[in-house]
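We call the chains A, B, C and D, going by the order they appear; numbering starts again at 1 in every chain.
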Amino acid sequence: MEPIGHRRWAIADGYLPAWSHGPEPEMVSHESVNILNAGPTDARVELMLYFEDRPPAGPYRLTVPAMRTVHQRINDLDPPVPTNLGYACVITADVPVVVQHTRLDSRQAENALFSTLAAPG
Amino acid sequence: MEPIGHRRWAIADGYLPAWSHGPEPEMVSHESVNILNAGPTDARVELMLYFEDRPPAGPYRLTVPAMRTVHQRINDLDPPVPTNLGYACVITADVPVVVQHTRLDSRQAENALFSTLAAPG
Amino acid sequence: MEPIGHRRWAIADGYLPAWSHGPEPEMVSHESVNILNAGPTDARVELMLYFEDRPPAGPYRLTVPAMRTVHQRINDLDPPVPTNLGYACVITADVPVVVQHTRLDSRQAENALFSTLAAPG
Amino acid sequence: MEPIGHRRWAIADGYLPAWSHGPEPEMVSHESVNILNAGPTDARVELMLYFEDRPPAGPYRLTVPAMRTVHQRINDLDPPVPTNLGYACVITADVPVVVQHTRLDSRQAENALFSTLAAPG
């Protein structure tokens, strides 16, 4: 059976909050791109970032080993992604993967949280 | 390869909270329609709004340039969208785009947040 | 062009929190099934509810007029849906509609919120 | 008509918060995999868990009876799933089911909540 997932995904609402409350590292405002590679071959993954007012950035490259997941904090990408600036992201992989996008926003004393499936295509 | 996305998307749960807590502009209760155009051609986009008790409004028109994203606050549309009133939205574009829908609700002291993929079709 | 959506949708995580904080009606813990009918024909919609420990309930019937949306609070269905009990829901319509599922949980002093696309199929 | 759903689903962002605030059991930080079986045959379901730094765990097995839903707390799986460690999950069933993934995070005094459709495929 074909490994579950798709080779291309997109996230339209990226945004790194600019400040935080609470203990590090768990409660730092952050976003993560969560990638599952349930197949038998390592996945070479590229992230391209799109902005409102400037050219795209990337590709950022990472490997998701076979039968593993990587929960990549966007805050940890190098070169860094600007905070308090909307962005979007296209994720491409050379084998099928599954992508979910999560934000923890602790700008106020109690954290807010969302997660959503990325858009396959 | 075809640019990622679809030419038509829908959001069924639109709602602009009527009040807010916290510093502007980040913590004002709002919704955004977040559109990614990862393709090589500018996208002409139309939003139609649907209500429970009145005829549809729109189309609201905007352009998402090639290789860019637009995070459009619904609160900033003109003519304005009523607050504290449920609505839904159909987004159409002349090239493939990706659409995600987000609400920040700061009616209480600590903000709540959700985001979800829109429905392609 | 075919109206956007599908004739059948499902929600797997239904749950009505059993208590609330904050002003009524906005801040009462609730769930809503949000249905968009962007087509030219009224939609006759049926909701079937599924539980862990008892037979299904329903169908609950409602009409979503042409070019309108209905944001139906699950709390307002008759006969009432039990609180503090997991359920799931299948939504069927005689014309294409779009369905999104939202929960506002105000059991603690600050509300939590999620919304997600239902599963078409 | 074929029962609604798919035989395989994936969740890419699993994470069990390591601490909690508020009354048990409702406000304990937890995740649930919510499975609807709206068809006429019991569903035999298997969960495989994937990690960043170790081999997969499972399969965890459960049955979702015909015309029922099961809201399985990940915290209650046996052997237990580690807290404060990212994971992903593939859900397979022998008949079509619908899967939704929810996290309640009460590490801070007010709970945060998300829910999202799993990825079919």
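One rule holds in what follows: contacts are C-beta pairs under 8 Å (C-beta built on N, C-alpha and C of every residue); 3 or more make two chains touch, one makes a residue touch a chain.
The chain lineup, named per UniProt: A, B, C, D = Sensory rhodopsin transducer.
Note that the structure is predicted; figures quoted are calculated from it, not measured.
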* Asked: For the homomeric pair subunit C (Sensory rhodopsin transducer) and subunit D (Sensory rhodopsin transducer), should the interface be classed as same or different, according to whether the shared residue numbers exceed half of all numbers used?
  -> different
* Structure fact -> Between subunit A (Sensory rhodopsin transducer) and subunit B (Sensory rhodopsin transducer) the C-alpha superposition rotation, given in steps of 5 degrees, amounts to 90
* To do: Please report how many Å separate the Cα centroid of subunit C (Sensory rhodopsin transducer) from that of subunit D (Sensory rhodopsin transducer), as a whole number.
  => 21
* To do: Go ahead and note the Å separation of the Cα centroids belonging to subunit A (Sensory rhodopsin transducer) and subunit C (Sensory rhodopsin transducer).
  => 29
* Residue list for subunit A (Sensory rhodopsin transducer), restricted to those that touch at least two other chains -> 109-110, 112-114, 116-117
* Structure fact -> Given the complex, residues on subunit C (Sensory rhodopsin transducer) that touch subunit D (Sensory rhodopsin transducer) span 8, 10-13, 15, 17-18, 48, 50-53, 55-56, 84, 86-88, 90, 101, 103, 105, 107-110, 112-114, 116-119, 121
* Any idea which subunit D (Sensory rhodopsin transducer) residues touch subunit C (Sensory rhodopsin transducer) in the complex? -> 4-6, 22, 26-27, 32, 34-38, 67-71, 96, 98-100, 102, 104, 106, 109-117, 120
